[in-house]
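Here come two complexes built around subunit A, the first alongside subunit B, the second alongside subunit C.
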Partner chain A sequence: MPTKIHPALIGFTALVFLFLVGPLVIVVGAALSDTTFLTFPPQGFSLRWFQNIFEIDAFRRTILTSLQVAVISTFVALLIGIPASYAMSRYRIQLPGWLSTLFVLPVLVPELVLGFSLLKNLAFQFNAPIFLSLIIGHTILILPYVIRVISASLASFDFSIEEAAISLGSPPLKTFFTVLLPNVRSGVIAAFILAFITSVNDVSISIFLTGPGISTLPIQLLAHMEQFFDPTVASVSVMLMVLTVAVMAIVERTLGLTFLAK
Partner chain B sequence: MTKPLSIRNITAHYGQTKVLEDLSLDIAEGELVSLLGASGCGKTTTLRLVAGFLQPTSGNITLGGKDLTKLPAHQRDIGLVFQNYALFPHLSVAENVGFGLKQRGISGEAKTKRVGAMLERVGLAHLAERLPGALSGGQKQRVALARALVIEPPLLMFDEPLSNLDAKLRVDMRVEIRQLQRANGTTSVYVTHDQEEAFSISDRVAIMHAGKIMQLDTPENLYQRPANAFVARFVGFENLVPMKVVARDGAQITAEAAGGVKLTLGLEHFGAIPDNFVLACRADGLAVTDNMGAEGIPTTLGLRTYLGRAYQYQSDTAAGMLVANGPLSRPLEPGSSAKLVPVPDQCTILAVETP
Partner chain C sequence: MKRFAGWTLASPATLLVLLGLVAPVAATIYTTFGTPGGPFATYQAFFGSGFRRTVLLRTINVSLIVTLIAVVIGFITAYVVSRAPGWLKSILIIAAVFPLLTGVVVRSFAWLIILGKNGILNSTLINLGVIAEPLSMLYTQGSVIVAMVYLFVPLMVLTLVGVLEAIPDDLIQASASLGANSWATFTQVILPLAVPGLIVGAVLVFTGSFTSYATPQLLGGEQVMMMGTLMYQQAMVTFDWVSASTIAAIMVVITIAIVMAMNAAARRLNPMTV
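And now, the complex of A and B:
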């Protein structure tokens, strides 16, 4: 017998849903508007604001920069994060307990503070190039996510499996690649995606580190908004949303989203 | 193929804690020796030292005359069977079994053939393409066994391989392990905390305590002739009574325990008896009787429990609290007086240990 759901509960749920999805609908609507200013509901229908993104040189360049920064810093974070998570899981008993907290610390520091401190040190103190500063900043930003996700998948890994492989004649380093990595594959992919999305969408750190000539997409979006109030802003937002949703959809299809919540 | 293992004067530490002290153990070719003891006694440490996952502080380990001590774990060529199976979750049963062969550069037809033959032997040929996740506990342990055996190692080591299985399967599997080990004649080390398992499967058993081997002997000798108080208690001699010989008369002696309790013991069963000794008796080794004329330890009976084959009494004597069994046909009331008569078959003589 199906349980009868109270109508008020349905109404409440609908309101929450509207609250969550409403703004997104407005953005999508505005992006499709045929007007030269942001408006909702859309008047007319046009894809020209999407086309506009690629016609404005600054957007073209910053999209490329954003992708480059995201890919490179994600790889660097994985390169650091996988061995770090491995060491912390494998030698949990021998290592001090605060170590794993240390690696998650950047999440607890307000990103603005992190961004400012990076600006002061990387850009002013060491005169680091903007692109390099961005890579370093984003790597620090996403490393905690990478470590958290990979540590979670390593937590259920039985290290005697590794010992079994070694006892059968597989050298330790080879065992790491042939036995350990395939078994935390889903964790690595999840970490990659989470890190990539976080990097692409980041404003608070990038705003300190971008400078003349080099900017990321979200920062360019802010700059654009200060001068123009046309639907390009909405269409860029939609593009970022679509990118995020597409990546999530791929994860959902291949691995299931539940493991992201682990 | 199979080789003798020799562990010489091994001492090992975890940080500052000493876990093994000057341990030596020789295992002959084709022999199965169990390391038996409670958790923390050093049995798993010993196995991990031989496997190469731990390094000893001092001492050395040789296999067939070859020194293993400094050899990295992956070059030791030892077959290991783990308590939690440790199968590779991302590989099929056949790939799991073939893993060791692949490391040895055996591939293609030769590998397929050996894997197939091995799976046939453990009765899992029909599951070759399954992933470990789809197997039962017993099947997983068979795959683990096959994976360790297929590389034809000179030494096999088992780390509590049956602890995660249910009681019935445990008995079946231990027979199977013993048969496979016998058939291959592989030298084996078997770590367990289960006395019945160790005794039933082993040629010899090393009873371990606090990082030392207390006694290494055949199951029969351990069970009947424990060498010291620890082993005696471990194999079920619950009553340990220190005694002193007061008279020797040909084939028998008279000895006195605390509280003036006197007993006459025959030398034909116990062999030579030193002047000071400890009489060790199982509960079955002290027969409770209400015949007060019998030669035995006078007692006041305490709590009575029903064992199915006998009644067990907590018995208060001048020599201390003893546990003794009495016949089902004559239940005696708590509080009544009785005598505890030693049954030579269920008793043994221990030397006095200076603490």
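And now, the complex of A and C:
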């Protein structure tokens, strides 16, 4: 028998969800307005602010940079995160306990501090290119997500299947690709997509790692907002929301969204 | 042999975190002790400046208020969501995940449209005849708090839904059938079981607020400077990297101290581990 909930609590919850969704609906409305200033409810209807995004050179460039950084750092994070997660589940007894703490550090250390430290001690000290520093920062930022999601899928993996393959003569690398990877496929897809969106949305690391000609989309949005108050930012926001919907659909199909509520 | 295989597989990620995070951050903190005026000169300068003390206290104050509001709102919401029928629960979780996965810039921008001088709130209030002149709501502590609560309520809800779902309906009904009223059931059954989740959520919200940048920058500006925006200003506008490093060190110490304190508290308060 389900527990009865007081109607006042249900009313309160309805208001909370209105509070959560309302502001995003307002952004969508503002993006569709046919005015040169931000307004809601929209006056007229126009898609010209979406077109405007691609007419501004800075937006074209930063969208491209953001995509490049997100794709590269997500791939690197998967490339090093999958073996690390595997090692931590398969050889848990042989590896020291502090290793899992180390992989939580990127969540503990404030992103702003990481961004500033990479600027000061990598880009400036060693003359490392800004783009490389951005990739390093983003890879570290998303590594904990990758390790957490992959470790969760490995938790239900039966390592005796893998041992069976190896004892039947399958070489280690082949075993990895034909036995292990197919079993954690949904975890890999979810990790990819969560890491990707985290990188695309990052502000606190990227804010320090923008140089001449290099900036990411969220940083460009902040810069644009300081100067203009037109619906361009709203239409970029809508674009990012469409990306979020796509991400959620993929996570729902692979892990189920309830995974995020754990 | 197994140890070697384990290390080989874990080493690239280990090296990246050691060289890309631990070393640079340690170097940043280290430089704050090597200034000419003595090992603690930069900290004396920080705490000696009234302006910086104000910024630190404001940041702590704002983060505490945001955490308190997010905990209360998040707890009630998560409780209702956890008791909702399956289909509705899925919809509500989607409605909470969506803002969480939408970037912080977009979500702060939404409040810029709402609270601005010609924003929706002002124009609605003027149309309703409540006010004659638009209010200045932006660049106040209140606007930063509202936007941050908006930022962190989904996180709180999602952290708590799992914890509250794990409390069986039977337990709540047993409490009721044994004569507890709903307030007693809440304070003596549900709340103690939710404490670990509440602590995790509160830590996430507090540290997130304490180290935030985009929201105080957009909605607080120069008037409501917080630790994150002050650090950025010192590093990138005035190029005082020693001062920026000092702020960074203070942020790291406070964040890690709170996480450790809360971990210890969670262990002591968890009714399941006696």
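Just a few scattered comments:
We take it that the second predicted complex is superposed on the first by the 242 of 262 C-alpha atoms of A that agree within 3 Å, B and C clash if a C-alpha of one lies under 4 Å from a C-alpha of the other, contacts with A are read in each partner's own complex, and residues count from 1 in each chain.
What we mean here is this: contacts are C-beta pairs under 8 Å (C-beta built on N, C-alpha and C of every residue); 3 or more make two chains touch, one makes a residue touch a chain.
The structure presented is a predicted model; accordingly, all values stated were derived computationally and were not measured.
Aligning the shared subunit A places subunit B and subunit C next to each other free of steric conflict. With both structures placed on the common chain, the touch criterion links A:152 to neither subunit B nor subunit C.
When the two structures are aligned on the shared chain, A:209 is found in touch with neither subunit B nor subunit C.
Looking at the superposed arrangement, the partner reaching more residues of subunit A, out of subunit B and subunit C, is C. Of the two partner chains, subunit C is the only one touched by A:139; subunit B is not.
Contacts of A:183 after superposition: subunit B is touched, whereas subunit C is not reached. Of the two partner chains placed around the shared chain by superposition, subunit B is the only one that A:167 touches, whereas subunit C remains out of contact. Put simply, the nearest alpha carbons of subunit B and subunit C end up 9 Å apart when the two models share chain A.
Note for the complex: subunit B touches subunit A at residues 51-53, 72-80, 82-84, 86-90, 99-100, 103-104, 144, 147-148, 151.
On the subunit C side of its complex with subunit A, the touching residues are 2-3, 5-10, 12-14, 16-18, 20-25, 27-28, 73, 76-77, 79-81, 83, 85, 90, 92-107, 109-114, 116, 118, 120, 150, 153-154, 158-159, 161-162, 169, 172-173, 182, 207, 210-214, 217-218, 228, 231-232, 235-236, 241, 244-245, 248, 251-252, 255-256, 259. Residue ranges on subunit A touching subunit C, taken from their complex, read 1-3, 5-6, 9-10, 12-13, 16-17, 19-21, 23-24, 26-27, 30, 37-40, 79-81, 83-84, 86-88, 90-91, 94-95, 99, 102-103, 105-106, 108-114, 116-122, 136-137, 139-140, 143, 147, 197, 200-201, 203-204, 207-208, 218, 221-222, 225, 229, 233-234, 237, 240-241, 244-245, 247-248, 257-258, 260-262. On subunit A, the positions that touch subunit B within their shared complex are 158, 160-161, 163-172, 175, 179, 182-183.
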